[in-house]
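Next come two complexes built around chain A: one with chain B, the other with chain C.
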Partner chain A sequence: MQSSSRRMGVMTDVHRRFLQLLMTHGVMEEREVAHLQKHCYKVHDSSATADKLEDFINNINSVLESLYIEIKKGITEDDGRPIYALVNLATTPVSKMASDYAENELDLFRKALELIIDSESGFASSTNILNLVDQLKGKRMRKKEAEQVLQKFVQNKWLIEKEGEFTLHGRAILEMEQYIRGMYPDSVKTCNICHGLLIQGQSCETCGIRMHLPCVAKYFQANPEPHCPHCNDYWPHEIPEVFDPEKEGEPTISRPHRKSLRSRQH
Partner chain B sequence: MSEASKAAACAPDPAGATPRSVMHAMPEMPGGDPQPLAAQAASLPGPDIPPLGPGHARPRSPPPPAPEDEEDDDDAEMEEDDEDDDPKALLQAAEEGRAPPAPGAAQAGPPPPAPAQLVQKAHELMWYVLVKDQQRMVLWFPDMVKDVIGSYKKWCRSILRRTSLILARVFGLHLRLASLHTMEFSLVKALEPEELDRVALGNRMPMTGLLLMILSLIYVKGRGARESAVWNVLRILGLRPWKKHTTFADVRRLITEEFVQQNYLKYQRVPYVEPPEYEFFWGPRANREITKLQIMEFLARVFKKDPQAWPSRYREALEEARALREAQPSAHCPRSSVSED
Partner chain C sequence: MCGSQSLPDCSLFCPRVVSPAPLVSHRPSPLRSAPVDRTMSEGNEPPRGGPKEPELLVLPCDRAMSEGNEPPGGGPKEPELLEPPGTEGDRARDREGSEQKDAPRPGPKELGLRLLLPERERERERPERKELPRPGPKELELLVPAACLARVLKQVEEEDVPLKGMPGLPGFSGGSGLLTLEEALNLGDADLAHLLGLADDEEKCRQIRKQYRQLIHNVQQNREDIVNTASDSLTEALEEANALFDTVSRTREAALDAQFLVLASDLGKEKAKQLNSDMSFFNQVAFCDFLLLFVGLNWLEADREALTDCDDNMARSFWETVHKEATCWILQADTFHFMFSSFKTDSSAPKRRVEYKRKAPKMEESGDMPTKLRRMDLTCNQEATEKEVERILGLLQTYFRKYPDTPVSYFEFVIDPTSFSRTVENIFYVSFIIRDGFARIRLDQDRLPILEPIDIDQMGEGSDFSFHSRKQGIISLSLQDWKNIVATFEISEAMIKKY
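Now for the complex of A and B:
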């Protein structure tokens, strides 16, 4: 028998359906995930009481462990919504995307990723990305094509667009955090509070430390005089609200970019 | 590992039995994979990050160092000049449970790779299949071989089999050979009841709603729907061929190219009509995945009417449902739990 007695969870059809649908959607917000869990119970085992979401997911993850995949939980950087995605831990995420995109498209993504990581705001302008089109590996890509490829990335939830600038989607951060930290150890930014990868956030103008917007919200909650946790200087930025799932209407992760997807006439 | 657990790992999944299922045709495995899934996964070294291939999920060759005592690792490197096995022959062999066609030269090929490596490949293939399906792309066998299986071509049978097993046990999905002719696989839900979960989740996937609208229109018409008719319907939703939409972006491209590529729709020129006009039909994938009854339910929800408001179509849908029920072999009992092997 095996010496490593790993506790493997029990998979029922409830869990299987849950996994199927989570995979289909790619990434889901916590409220949708809870809804999904209830739906799966209703379909397969309406008599049972649903596990707490956290236990439910941990149970599934214990089964997925040997397959090197995991349901990962993260927070959207702009408004602190909890999100979940099924991620593959074993391969590099860009090569994971490889089955969907051509060589030059992948390279475009890599270029955009680098610009985003190097930028101060966590956003790379469309112009700057498109200017790199001539340097792409593979088949030559025109700027107009590149614009469409960028939109494809937005649709597939790898990038978010806001007013002509691009940043990483929460899902991309979830899937690629380790890869990014490994690839760009010198340019990568981290949050002073949660120590996670930071793309968008606020920074102290004196000492330069950075914090995620939701981390700022939690840290300075109800504090009338926010000060930098590192150098104690006055924190000059507007403190965002802590995300409250109760106060929400339709949860949608596409809210940040719904208004700003550029509409172009052909 | 004990004989009992060996047998458990090798037995075909009872939930997966269909005549076309690749797994179904597999006989008892030869030497290749003596150990059950979990044990092998446990013996895998930490996940290797392969170098970024230029746009391909490159197969790891040479294979990563095996965990313990397998000295045949070096020999497991396949000579790359191994003739290109005709993928169709490979697939056919896998289907029928034969050994794949051997290259003209050395019959005594290199020894099989470590079981851990085959397991790793099976995991890669599993993820590949899941992502392709998520993107609604076609699962083409030659792509699977090129992108994932690579130099382990000779063991694609055992890799495929393990992948199918994992998908069935963990995800409740069946990796089925949809057509030997086109070498396409499809990932089908094995769970009952089969409903359109996406719709059940309250239209979180707007694409499905759009597609269903068009399919319903075609169905109700009873023949192809002219593009102009489709746009009349879509106009009600505020969609125009020339306008970019926030969710769908280029709607026209979506329905005339993407849905067609995914085999949900067929977009054909109407013969003998000048100036040229086009019409939409159900695609083969829609025929496979969506039942007429589901369309009727969709229509009933959207128009807030009883399905009987479309009497002849409803009758057709019931007919089809009955025919489908009769065509099913006796209902399988879904496995209710998976314990450690």
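Now for the complex of A and C:
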């Protein structure tokens, strides 16, 4: 602690509550995170002025540094929403004892991860994943169970399912980036613009460079004739919209509440 | 009075007894039966002999002095007061045992050492043991002169003195245990020693029995407590019995132990019956009623229509109340869930990846191979055979069309000089052709088989067909035969081309 150059911050109950709630969710969008911060201040210390979200989170991160845990900020690959996730950074004997999932379930996740990284589009079909079920380490898993395990991963925000195909959730990308770069250095794809790990994205047909969808949106923003930055060829894909947080409605935390009220009126 | 009872006995049977006063037996003052003791001691005081009595019992006396209370009679050394720690009520017996050990100190006057076994038991345990039969006054006392005792014990130390015919020694209380006077007088010194040793044991056994009976009595007294409360008293009683059982060496005590165990197990059974086994019994209706009461809603009173109007608010308040109550019981903070480093990684995994990738393009290039394989494997054998047969039939018919009216040598047609297995397959397929009647096989003038075509018009003749179909032939070909044929006929290439 004394040798670290960064001064370790101080955590108050506001920070602690925030961290505990973030830990429960695992990953949250930026809007929700800001809302959560305000909520924590309201509960514990309504008189104090709220820190800026960035400073607030950096404060917490400096305390968590010694535990190799961090609140990382990232962007969802499909629509560019900023997200915050609490991730584990180091392999320790304690981390190996994690008991969220059984050995065969973790192996299934690992195989699905491999397929996703190898695939061209960043999506691995559920059929292909289920075909690997027989090669799993640990207790033999039936295909039916494997389907349920995959659904469990989706619920816990490790995978995203779209039309029967699975890809990595933003949370998984933030946490497993280190692992992926280490294990699959040859097959890993990177974005030409932000140089970050790329799972889903658009690629140029001639030169093969890839870009994240939000990166494409930002790069070709308001450009009527998009050209590939590398080979200058015409960029054939549809340019997505840049994500605008103001355009969204209220944060998703309160949305279910309203929905439930409406549904009661039969 | 016990004392008075003993007196006539001793005078009758023990002429050698010097002092009519019983020594030890009558002063078990520290015993539970205090009044009895006192009477005993009081009764015995007058006949007490001189100060020599205690001299026999020096050691125990010392102990007694340190621990015990002095009897009302109060002599300087009161061996009767002696109670070895932990054995209430058995001190007298213990003292007797120790007295016997102390015998090497002879007193100037011989004093009888009276083992008033039955009487003592009777006296001492009157208030405690009700189940034992009281020995009658006719019980004998075994009196051993002190000097004799000393000699005997020396012998015992020197050699192992076997017991001679001592019937019924175990269990002194009761008539069978006692020796008749004649027997007693006729006892040799050696026998006496053993008898005394046994008597020593007897004391211990009596102690044990007393303890067992005490334990049983206690448990019976506290039956209600043990069964109804969740205390450890039954376990403690069992542990006590366990400890006692370690000292048991005879069946009598073992029987008592068994009796205690029966009692304890009965109590255990009652306790077990009281266990609520209906753990999973959950009355949903009752729970719902309680829940509504708790929240403050009352279904029975309010109208149903009125309820639906303020549905939302009521529902919200319901959940809020339940939430507040439930949080007290479900105080669990979520833990940190992560995926990274939760599974072991193989270092060989990256290498495998590269190999797999290289294999993938290769497979795509040789596109013919998979299709060929697939055709062979996936289609069922039936189809493959038929197809082969058709193909070979086609070949045969082509040949016949090319060279009409020339039967082909069977061997030349069928044999493949490069592959024996292929030859066998060809024979197999040709047999189908023959069976179906598209060709026929017969021996020519050289007694070699030839294949002849059958015209289609000839096929119409049913009799011919049926006639032919009744004939069967088996062709066998060994590897050597095949090689010979290839050499003899000089077959250089197969007529039936491989597909």
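As a working rule, the second predicted complex is superposed on the first by the 236 of 266 C-alpha atoms of A that agree within 3 Å, B and C clash if a C-alpha of one lies under 4 Å from a C-alpha of the other, contacts with A are read in each partner's own complex, and residues count from 1 in each chain.
To be clear about the criterion, a contact is a pair of C-beta atoms (placed from the backbone, for glycine too) under 8 Å apart; a residue touches a chain by one contact, two chains touch by 3 or more.
Everything quoted here is computed from the prediction, not taken from an experiment.
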On chain A, which partner's contacts cover more residues, chain B's or chain C's? B
State whether A:E163 touches chain B only (first), chain C only (second), both chains, or neither. neither
So in the superposed three-chain picture, is A:D233 touching just chain B, just chain C, both, or none of them (first/second/both/neither)? neither
For A:L64, is the partner it touches chain B (first), chain C (second), both, or none of the two (neither)? first
In the overlaid three-chain picture, which partner chain does A:E205 touch, first (chain B) or second (chain C), both, or neither? neither
Does the superposition put A:D100 against chain B (first), chain C (second), both, or neither? both
So in the superposed three-chain picture, is A:Y184 touching just chain B, just chain C, both, or none of them (first/second/both/neither)? second
What is the contact status of A:T24 with respect to chain B (first) and chain C (second): first, second, both, or neither? both
Where does A:L89 make contact in the superposed view: on chain B (first), on chain C (second), on both, or on neither? both
With both complexes superposed on chain A, which partner does A:F109 reach: first (chain B), second (chain C), both or neither? second
Residues of chain A at both interfaces, chain B in one complex, chain C in the other: 20, 23-24, 26, 69, 88-92, 95-96, 98, 100-101, 103, 106-107, 156, 179, 261, 264-265
Chain A touches which residues of chain C in the complex? 311-312, 315, 333-345, 349-350, 353-354, 357
In the complex, chain A residues that touch chain B: 1-2, 4, 6, 8, 10-13, 16-17, 19-21, 23-26, 32, 35-36, 39, 43-44, 63-64, 66-69, 88-92, 94-96, 98-107, 137-138, 151, 155-156, 179, 182, 254, 258-259, 261-266
Touching residues on chain B, where the partner in the complex is chain A: 2, 37-39, 41-42, 47-50, 52-58, 120, 123-124, 126-128, 130-135, 137, 143, 147, 166, 169-173, 189, 191, 193, 195, 197-198, 200-201, 204-205, 242-244, 246-247, 249, 334, 336-340
Contacts from chain A onto chain C in the complex sit at residues 20, 23-24, 26, 69, 86-92, 95-96, 98, 100-101, 103, 106-107, 109-110, 114, 118, 156, 158, 172, 175-176, 178-179, 183-187, 261, 264-265
